[in-house]
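Listed below are the structures to be examined.
Below, chain A partners chain B and then partners chain C, in two separate complexes.
What follows is the complex of A and B.
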């Protein structure tokens, strides 16, 4: 006779929920949802042994269980701590947690280049969200940031080691999704880096998934690199018959052009199923895909500000440059050289004593300016 | 002259070899233990009150009783010989000069825990010691104390020596287990604890060299007798590796009833401060524990004499006390610069952080950089508060104790020697030329005199 499973009662920030034994605090909080859920940078439900490393999901356990109601002395990583019956957890209601989380965010950012304006991950970056929610407005770190020697990971995956937060997710993907791992963590401490020991391309059929699991812009799609900002593209659900994977993806469109293909992500930013490299990198034509409809994007996400109009995948953007500019030619930043007086050919700026002033460039004074020697 | 249980035979010539060791009463504990039940040995160790000698001071008998005993799954005992704590070199002495004591302790402990394959994980820098241990193992094997059916008891045990590759972090028990398995030495996230899932997911106990050596006298004299030595919950004897500005650096065995003052100044032990200088500060338990200025070291905040044992050294918590730790006793005289010392430690912890969790990886780097600035006269007054804040945000928020170990020395240095940090900031040029000296935390002995 099947015995009825006993559910564990756990209270998180005053909200009580019953969960299966063996559930982690993080997953219990996700069942409640909303503010109660601690952020997670390294934990990934589909990857075994992931989590516990980034320390952003630290929570306070105010009471261990009904049987042993003592509080835990240290903050615990909610992604790796399983709930006990009668456990009382404090997340945002605990000053200690918020203080520790602020510290962790600061630590994650001190060596992060914060190059969001040129980062392809911007807009869907977990670290960006985290620092908006918990970060300070200024850095107290006035030292040179850490740099690394560049490693080339092949034609599909771009590695920016300076952005990496060492979540180990990509290592777990290579271990658990592909049949051979050729990259890993080298060195230790603050010099630890993700790389292949001997310069080698990541060429496994499923290795593209490291791009999806990467919480920051450390691993990005080379076929999408600098093509567009993610919030200008529109994600649609699409599928195709693929012999290797499920073939169910999000295709990111601009007009009727597919700029990028990723796995389908749920509301916690985790992919529903792994997809193969062929689907991800090779199939960039609308004809390759059956488009199902718009993807659900969190209302608060910057991506959702691009609205869908007309039939998806068939419209072209009608606000072209020439239309917007009413026939005039658009001026780009580079055009400033055409009108600038500063960069006159033959002008040797280095020879001006002290800082240059506008009067130095007056037409009348032009003759007095030192000329470049050829 | 205090009681000597571990080093009592250390002076005998040739004690490194089996014959001499056996002639001098060696391996009697194995003979005695094999006639007892494993449970009785664990009970005896519990009664002895032996506490882990690696640093944390967790009761060994209790740790042994936690080991899971599922049917059909082998259990393992691992000896943690990855002694990398700056200032600590007691295990090295034991392994180098009386290796058979460790082997004897390992056989008894393996029998108590039911471990048929026991490992010694030794740090890579002790390059010559694995040979000594392996020779001792082969001698013990040749004489029937290791291998199959030890002394006809039906108990099989093999001891393997595994060299580390030079990482401080591999002294943390779960990182040690990872390294032993041939993986990158990253600490595991606990729970599960090694007692449940350790080496190859089998129940494992990891013990320090000295702890395992102490099992030998416990079996020989009985747990209750052993518990009579020492005071309170600090039973038995403890090895202290004394170094720094003292006349007689070395490894000393103490019975935990002597005072810190006696330990530093008596001729039997450290023999006073070298070159007739005055005592400035001391780290009583290896680089990770808080540093104490002279006035708090010899007397507790309440004005009582401080003794060399677990309770007395940690009297007053971290505010006015420290820890017994691993017994790395580092003494500083008046000419030592606390800021430079803290910077050296911070550099060490930055170098040795595994880089797995963010507070430790980034925090140790940050502390190192700030301290370098202060030490070289480029610091700002706000840097001291920043440093305090950084260490506060590392402590307790990391996967393993390395984060705490990196934060504590910095916290204690600022807590007790803040004026010296401020002096460095205010006198950027002078601090490069001379040291701050003693200031108000003068030697308590002189204050009395």
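What follows is the complex of A and C.
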């Protein structure tokens, strides 16, 4: 019989699990799942060397191992600490951890503008979830927040440096997924910022993945900018034949318009596979994609409002009225689309490359005007 | 038969005597009550001329607010629409152009904003959800109308007058001028 792999026994919040040696505490906790899992802002499974920066995944190690059961004196970053046999970890069951996490959230929010009403990431933002789950009710910081000179990163990616929490994920993406990194962290301390140093557009084929990877709204999709709120769009699984990437994506629809394309995210908010810029930014037509069905969205997420499982949302419902009434159409007292100025057929938001402006709406109004005379 | 409650009173079924038979006494008793009401305080008010004051928590017609400089406060964050149980609110956002900074407070604004007053139940959840102090339920009714399509309120119907460019309308809407007239 082949030599059996020795598995390490870890206890996290009273739940014991056997994991392979070399697993981090965070990954062991993710194997258990649920409440036990510490939140992570900078760690990303698919990026080597990520983690250890944001300190939100701090846990208390109550017993180091069976051989040396002394507790670790300080809280440890669970994404960077590997498990030992007989380790006892306390996450939510430890007062110290919860207190430390509240402190970390306060630090992360010190320079964060909290402009969620404007931010396109709102609704799927890790920092938003984190501060709701672990943050304090109010801020004690009443000084000027830091600001930056705005850098243009090209036609696809919008950078909001004030929202950045310095997780370095986008730097790792550029290093590990694209062949050449042109952006990075400049300056240090409070002045540290993500930039390209010389104004240079990020134009690598896979650079769009920095948007998916960004835990906050610092890097967002310019083609989706201000088009709609995330929770009013319908995420569906879609795929297409792409010569560069896997072509498997989540398409975010409003009606029949694809407003945004992102990578498929798992329950930890991490993409299953990287997608190329062409799939992400250029293919905004339903005809480009084969739609498989609704994407699974966490029930507690705001995105799941008005979101159903099964085939709902991907197939048009049958109108039974005309069948029953020998082809007669139902008589409606008012068709809202005749009156409402929202969703005018003359304005195809998905076709506008950047954010819509008042000029786009004026044009749509003029187109709609002659139709309204009746 | 046993009474169901303690308060049941047996009906008086004795035949009426002659003074009861002519009814005059009972008519007089009834008229006395009617007459007494002439001197009592009236509970009704004459509506179009006289108006009852609204309570400060009254939830009436929506307004879209502006800030002191007359810029629209709404950023089309969609929280009112997601909070709306009747799904009456729809909107479309746009980015502010460099020359529109005096019109809109934030970088993003609502290019289109509609409330379907036929759907609205005046619950006030939009007001509660708004993070930008942009939508309020005012102390007025939504006016009645004959056509359905006039109940789709667009941004022009909802926005308050600009305190910079239309100060008079703004003061009337705020009730400052009306109040002065009454006090005179």
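Assume the second predicted complex is superposed on the first by the 305 of 374 C-alpha atoms of A that agree within 3 Å, B and C clash if a C-alpha of one lies under 4 Å from a C-alpha of the other, contacts with A are read in each partner's own complex, and residues count from 1 in each chain.
As a convention for this text, a contact is a pair of C-beta atoms (placed from the backbone, for glycine too) under 8 Å apart; a residue touches a chain by one contact, two chains touch by 3 or more.
Being a predicted model, the structure only gives us computed values, none of them experimental.
Peer 1: For A:122, select first, second, both or neither according to whether it touches chain B, chain C, the two together, or no partner.
Peer 2: After superposition on chain A, A:122 lies in contact with chain C alone.
Peer 1: Which holds for A:161: it touches chain B only (first), chain C only (second), both, or neither?
Peer 2: It touches nothing on chain B or chain C.
Peer 1: Does chain B (first) or chain C (second) touch A:201, or do both, or does neither?
Peer 2: In the superposition, A:201 touches no partner, neither chain B nor chain C.
Peer 1: What is the contact status of A:107 with respect to chain B (first) and chain C (second): first, second, both, or neither?
Peer 2: first
Peer 1: Classify the contacts of A:229 with the two partner chains as first (chain B alone), second (chain C alone), both, or neither.
Peer 2: Touch partner of A:229: chain C, not chain B.
Peer 1: Who does A:54 touch here: chain B (first), chain C (second), both, or neither?
Peer 2: In the superposition, A:54 touches chain B alone.
Peer 1: Once chain A of both complexes is superposed, is A:355 in touch with chain B (first), chain C (second), both, or neither?
Peer 2: Touch partner of A:355: chain C, not chain B.
Peer 1: Is A:302 touching the first partner chain B, the second partner chain C, both, or neither of them?
Peer 2: A:302 sits against chain C, while chain B stays out of touch.
Peer 1: In the superposed arrangement, does A:140 touch chain B (first), chain C (second), both or neither?
Peer 2: So A:140 only meets chain B here.
Peer 1: Can you name the residues of chain C that touch chain A in the complex?
Peer 2: Listed in rising order, the residues are 75-79, 81-82, 90-95, 97, 100, 106-108, 111-112, 114, 116, 131-132, 148-149, 152, 154.
Peer 1: Report the residues of chain B in contact with chain A in the complex, numbered from low to high.
Peer 2: 167, 169, 184, 189, 350-359, 361-366, 369, 386, 392-394, 396-399
Peer 1: Within the complex, which stretch of chain A touches chain C?
Peer 2: 115-118, 122, 225-229, 231-232, 302, 305, 333-334, 336, 338-343, 349, 354-361
Peer 1: State the interface residues of chain A toward chain B in the complex, per the touch definition above.
Peer 2: Chain A residues touching chain B: 51-56, 58, 74-75, 77, 80, 99-100, 102-104, 106-108, 110-111, 140-141, 143, 146, 165-166, 168, 184-185, 187-192.
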